[in-house]
Amino acid sequence: MTKVLPIMLLLILGFFIFSAVNIHYGQPVFDSSKYYIDHGVADTGALNIVTSIYLGYRAYDTLGEATVFFAAALGVFMLLRRSGEGERD
Amino acid sequence: MRRISNVVRIFTRKLFPFMLLYGCYLISHGHLSPGGGFQGGVIFGSAIILLGLVEGVKATEKRFQEMLLSLVKNIGMLVFVLAGFTGMFLGGFFLSDFIPKGEIGTVPSAGLILYLNLTVGFMVGTGIAVVFYRLVRFGSND
Amino acid sequence: MTNAPILIIAIPLLAAFLTHLTKYARARRGAELVAFSALLASAYFLLTTAPVVLSDQVIKYNLGGWSAPFGISLQLDGLSFFFSAMVLGVGLLILVYSLGIYLYARRYYSLLLIAIAAILGIVLTRDIFNMYVFFEMLAVASYVLITYKHKPRTIIASFKYLVMTEATWVFFLLAIALLYSLTGSLNMDVIAAQLPQIYQAQPHMVYLIFSIMLISFGIKCGMFPLHTWIPEANSQAPTPVSGLLSGLILKVGLYAMLRVFFLFFGSTLLAQGVGNIIIFIGIISLIFGAGMALVQVELKRLLAYSSIGQIGFILVGLGLATQWGLQGALFHIFNHAMIKTALFFCAGIIISQTGFWRLNQMKGIWRQMPGVTFAFCLLSLAVIGIPPSNGFVSKFFIIEAVLLKQNCLIMFCLFLGILLTAACYFRVIQTFFSPSEFHHKQDFIPQPVGHFEHLATYIFTFLCVVIGLFPTVIINLIQPAVRVLLP
Amino acid sequence: MGFNGLTVGIIIILLGLYGVLTRKNTIKMVMCLYIMSSGVVLFFVSLGYVTDGQAAIFEDGSRLMVDPLPQAIMLTTIVIGLVITSLTLALALRIYEEYKTVDVRDLINKQND
């Protein structure tokens, strides 16, 4: 029973996703990305468009990501603190 | 702990500086070629992790002190936010580019992106190494 | 061009890192000072935008100067102003509570500021992927904050919360991917403009996206089948963190529902009665939460289950999607954020002074702590919705909305929920005022509770009463928010 | 839909979900979470694929390029997945230290005692 239930859930979920998703592989909707490819080098000065989006157009996302990294590092420090180490460090 | 074979130990020692160099290369050429801050930082960090696995964490910690790595991580974070604020104070928007773009195609170009790449790279590298130290030390001491 | 929208988010974020760096400065109580002044500065910048926003104008801000569909943009309108004000207000009082006798480490303040900055980021952003990043930031900060006191049970609670949330939020990312594949953009305005036409062509895809988003936001706000992380996490966390979880983090899921559903599916799915699903889930959550609260033996678990019930109440108002319903839902979000945080503070003070967690050990406690017991009673009346309190006004709005819809079944369920809530809180009050003598725990040294804890609790209680007497102050704040949702 | 990154991505997500639901070992649950996250990364990056497209880097002249935006935002997701994994591993370590078990059933039994 414990094995059957997850498999059922999985099959139902897979059925719903596969029946709903209708995307043509290899033909993405080039809406805002066209702008990045056409103007990316002139706007940011980086030849690598992925970098120019990652740290140029969407640098705010990267700031958020860095903060997540910082918070998780803090969390690992806090969780794996030895009992001898001070409470207020 | 079981002894690690000589082949692995010697190769790791020889490979270690090149791994660091490769990490720095990926970080500094992130805006010109495949790669970037995070990828380079991960290679930087895994070089330290490899050394830690082979030589033991205590020996590695003598060379790369946790205090120092953690300081680099914290300062990197601060630099990122302060770069955002600087862009704003210089009349633009938060995180807007305030450094001249330079000659496109060379390493010192692309304005802020290069410096943010350096920041992210060193932050990720040191952060991964510090987290690794903590995880290993927690498991081994008792 | 004002920089206020980003400053509201970025100042707490900067302060979070500075707080962590105070360990190099060796300043006494430096972390607290930095955290407090950052939130005050953030609140100041929010207030400077009040005249513009409350006159139904919208402040847009393009980050990095990249114009809207290409870069990330922030938007400060009535709805985000209302939520930011709530978050900063409750956040400040949570901070005041944390200043008390128990010394929290710098890391605690750092993570608290990251959590508050993340909530503000979610509230102000206009980019769907950016919303995901900030949700993850909030989630990571809250996983760590729950385990702050290192009790074994908190670690299991946090692990459970983490696995449930992350497994669901992978599907949220899938929904973002589907939206991106349909519209080619991540900007909410662009997606909202294109989605009605896509709904005509590919309705199944839109249904899939809607259901994934309902589940993802539902797990954050604790609607019925996805609530299982709440009781354990809320009851085991340190008191201010319980307040943060119940008061603000649950509300962020509701905010995301309000914002995303009304923007993306407002003219298509919600107009065709999908709101009934939300009402149905809301009613089940209400009756389940209130019913489970009735049988709890631990005070904090009781409060946590009661949160699920109140979230159900809000979901009913949200699902109705009418003027009165949304007004009631928003007002109840605001009220519940204050009331439940304050109730957790009361419970925290009682627990740290007596060492008792169970309700039946707290008999006759009013002789020991008359002030806190009195505050608890007033707040309980507010949760139930007895007239001279703020809870009455918001519940009245939601019931009015149901009346206008002329649906007896929903009406009956709402009253059943209110009765169950009343029963559960009257049981607590009865225990507190029980005539039997209060017995202290054997060889237990009570942790002293300072002025700051009491101050935060009493300010909340006072505000609840004042808002109950003069609800128009908050209704004036809510009106622009409702106008954003129902143009 | 044929046998491509999109299909495989969804299958990997579902397999990971199956693992999260059925595995009893906390460490394996962490692994399955990371598998789910990898699946969604594969799905999203495949969304941006243009037939015969090349990486979006201007090295020599203009070419047909794939969509760079999914790749850029998936970098963020990869970092978040990594970070969540490290945090979850730390939690699992702590759980092991407190309860001396990695089995979820044992944990439930010990909690109820």
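Which chain is which? They are A, B, C and D, in the order written, and residues in each are numbered from 1.
We adopt the following convention: a residue touches a chain if its C-beta (ideal position, glycine included) is under 8 Å from a C-beta of that chain, and two chains touch if they have at least 3 such contacts.
No experiment lies behind these values; they were computed from the predicted model shown.
More contacting C-beta pairs link the chains of C-D than the other of the two pairs C-D and B-D. Distance from the centre of subunit C peaks at B, each centre being the average of the chain's Cα atoms. A separation of 28 Å divides the Cα centre of subunit C from that of subunit D.
Between subunit A and subunit C, the centres computed from C-alpha atoms are 25 Å apart. Between the CA-based centres of subunit B and subunit C the separation comes to 37 Å, rounded to the whole angstrom.
Within subunit A, the positions touching two or more other chains are listed as 17, 21-23, 28, 30, 32-33, 36, 41, 47-48, 50-51, 54, 56, 58-65, 67-70, 72, 75-77, 79-80. Shared contact sites, meaning residues of subunit D that touch two or more other chains, fall at 10, 17, 47, 55, 57, 59, 69, 73, 75-76, 79-80, 83-84, 86-87, 90-91, 93-94. Each of residues 32-34, 36, 74, 77, 81, 84, 94-95, 97, 124, 131, 134-135, 138 in subunit B touches at least two other chains. Chain contact summary for the complex, subunit C toward subunit D: residues 129, 133, 136, 140, 143-144, 147, 152-153, 155-156, 158-159, 162-163, 166-167, 170-171, 173-174, 177, 180-181, 186. For subunit C in complex with subunit A, the residues that touch the partner chain are 13, 16-17, 20, 23, 63-64, 66, 69-72, 103, 105-107, 110-111, 114, 117-118, 121, 129-130, 133-134, 136-137, 140-141, 143-144, 147-148, 150, 155, 174, 178, 181-187, 190, 202, 204-205, 207-208.
Contacts from subunit B toward subunit C in the complex involve residues 74, 77-78, 81-82, 84-85, 87-88, 92-97. Of all residues in subunit C, only 3, 6, 10, 13-14, 17-18, 20-21, 61-65 touch subunit B in the complex they form. Put simply, subunit D touches subunit B in their complex at residues 55, 57, 59, 75, 78-79, 86, 89-90, 93, 97.
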